[in-house]
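In what follows, chain A forms one complex with chain B and a second complex with chain C.
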Partner chain A sequence: MYSITANFFPDHKEEMIGYIEAVTGVGLGLGPLLGSALYAAGEYTIVGGYTFIFYSFGSFLIVCSFFVKSFFPTSIENF
Partner chain B sequence: MAATKPDRNDDKKLKFDGLVISILGLTALTNSAYAIIAPFLPFKFEEKGIDAGWIGYVFSSYSIAVIVFSPLCGSFIKLTGRINLIIMGVNLMGLSFIAFGLISYIEDVNLFIVLSLLARFLQGMASGLL
Partner chain C sequence: MSTGETQNVPRVGVFELLKHPKFVFAGLSGTLGYFLAAFLEPVLAIRAGEFGLTQVQVGLFFMINPLIYIPTSILVQLVPSGIEKRAIIIFACFLSFFTNLFVGPSEIFSFPNTLTFAIIGQVMKGFVEPFILIPCLPEMIESVISEYPEECEN
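And now, the complex of A and B:
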């Protein structure tokens, strides 16, 4: 992530690293919130519970990885 | 910074296009993967009757993997290229999450501990690659 940022945004390095740090904090804050909400929801509905969290999150990450190639321009490889 | 690049164009603003949004979104997603199991993993360990001390080991095996694999990431880039390394990292993290879900069906306590340490280590490895 940081290597892409440093190479692909040479004019906005400092700005982008600041945003990435901010978003890291967002992720670390949202994770437990989402986890506890889904775990608590598992007692009443199908959507939730221990294994559902792992399956949904894992498959969501794998689906995301298919879109990475289309969002990231191929010229990144040239840097 | 300004002294090293005197011809920098200060008028140009950072545009929030698809690339920037996807970098930021991916960072948020993979960092929430670190913390998402924190609220409910202790309950599962209690349910299985495992000593609470193992929760700490399971959590820190992620960080150990990050410590080991983040410095190696630079040399991996020369082999695979940046995009492929990110795709590999995201895929590996998703697979280790699914593996962590499958592990919970195991009845044997010792095997459960070892495999969850391993799955968490794989997650950290993926996070180190990103």
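And now, the complex of A and C:
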């Protein structure tokens, strides 16, 4: 991702990498919050706990992989 | 591009690139940046528990760093282009030393063992990390681009 960005925006490398890092930061922020909230909810409801997080987020990643297959180009020339 | 054309494109190997000190410096800075971002996380979760935080509050505690990281990542591009990227990375690494003193908090420097100091450290960490991580790749590319003009064109 970083190398493709640097390749496509040679004059704006820092700007674009900054945007990628910012979006990464959104995930880094939401991950612990959602994870710990769901883990704590496991004490009171069935929607929560370690096993629930493990399987739900794991399944979510599998769904994401199909989106990646659909939306991402197979080579840089097709971008 | 056909396979035949791809084979004719001059390539630069990794070991060739590693001969350039500036390239190695930028690469190691990236490694150090991610190391700084991650090395305290497992310990901090336990420390946050020691401060009496609940599970959700621990999640919120870990959210402080990205909350600062997001705007700072966008603001890094505003650093004047006249300032060398290496200088930015070195200065950010210097600042990260103080950041870790706060996150601890440091007993050697007699910082009080309070959650406030750990939060200040998390804020500082979120501010410093992008200044190490973002200039790394551009610095790696720019440090060797003049050496391999033909390869870079392709």
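Here, the second predicted complex is superposed on the first by the 69 of 79 C-alpha atoms of A that agree within 3 Å, B and C clash if a C-alpha of one lies under 4 Å from a C-alpha of the other, contacts with A are read in each partner's own complex, and residues count from 1 in each chain.
In the analysis below, a residue touches a chain if its C-beta (ideal position, glycine included) is under 8 Å from a C-beta of that chain, and two chains touch if they have at least 3 such contacts.
Everything numeric here is computed off the predicted structure, so don't read it as measured data.
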{"item": "Room on chain A for both chain B and chain C (clash or fit)", "value": "fit"}
{"item": "Dominant toucher of chain A (residue count), chain B or chain C", "value": "B"}
{"item": "Which of chain B and chain C A:6 touches, first, second, both or neither", "value": "second"}
{"item": "First, second, both or neither for A:39, with chain B first and chain C second", "value": "both"}
{"item": "Touched partner set for A:72, first chain B, second chain C, both or neither", "value": "first"}
{"item": "First, second, both or neither for A:47, with chain B first and chain C second", "value": "neither"}
{"item": "Touched partner set for A:28, first chain B, second chain C, both or neither", "value": "both"}
{"item": "Contacts of A:62 with chain B and chain C, given as first, second, both or neither", "value": "first"}
{"item": "Contacts of A:14 with chain B and chain C, given as first, second, both or neither", "value": "both"}
{"item": "Shortest span in Å between Cα atoms of chain B and of chain C, once chain A is used as the common reference", "value": "5"}
{"item": "Chain B/chain C common contact set on chain A", "value": "3, 12, 14-15, 19, 26, 28-30, 32, 34-36, 39, 77"}
{"item": "Of all residues in chain A, those that touch chain B in their complex", "value": "1, 3-5, 8-9, 11-12, 14-16, 19-20, 23-24, 26-32, 34-36, 39, 50-55, 57-62, 64-65, 67-69, 71-74, 76-77, 79"}
{"item": "Chain A contact footprint on chain C (complex, rising order)", "value": "1, 54-56, 58-60, 62-63, 65-67, 69-71, 73-77, 130, 133-135, 137-138, 141"}
{"item": "Complex contact set, residues of chain B against chain A", "value": "1, 8-9, 12, 14, 18-20, 22-40, 43-44, 74, 77, 81-83, 86-87, 90-91, 93-98, 100-102, 104, 130"}
{"item": "Touching residues (chain side chain A, partner chain C) in the complex", "value": "2-3, 6, 12-15, 17-19, 21-22, 25-26, 28-30, 32-37, 39-40, 77"}
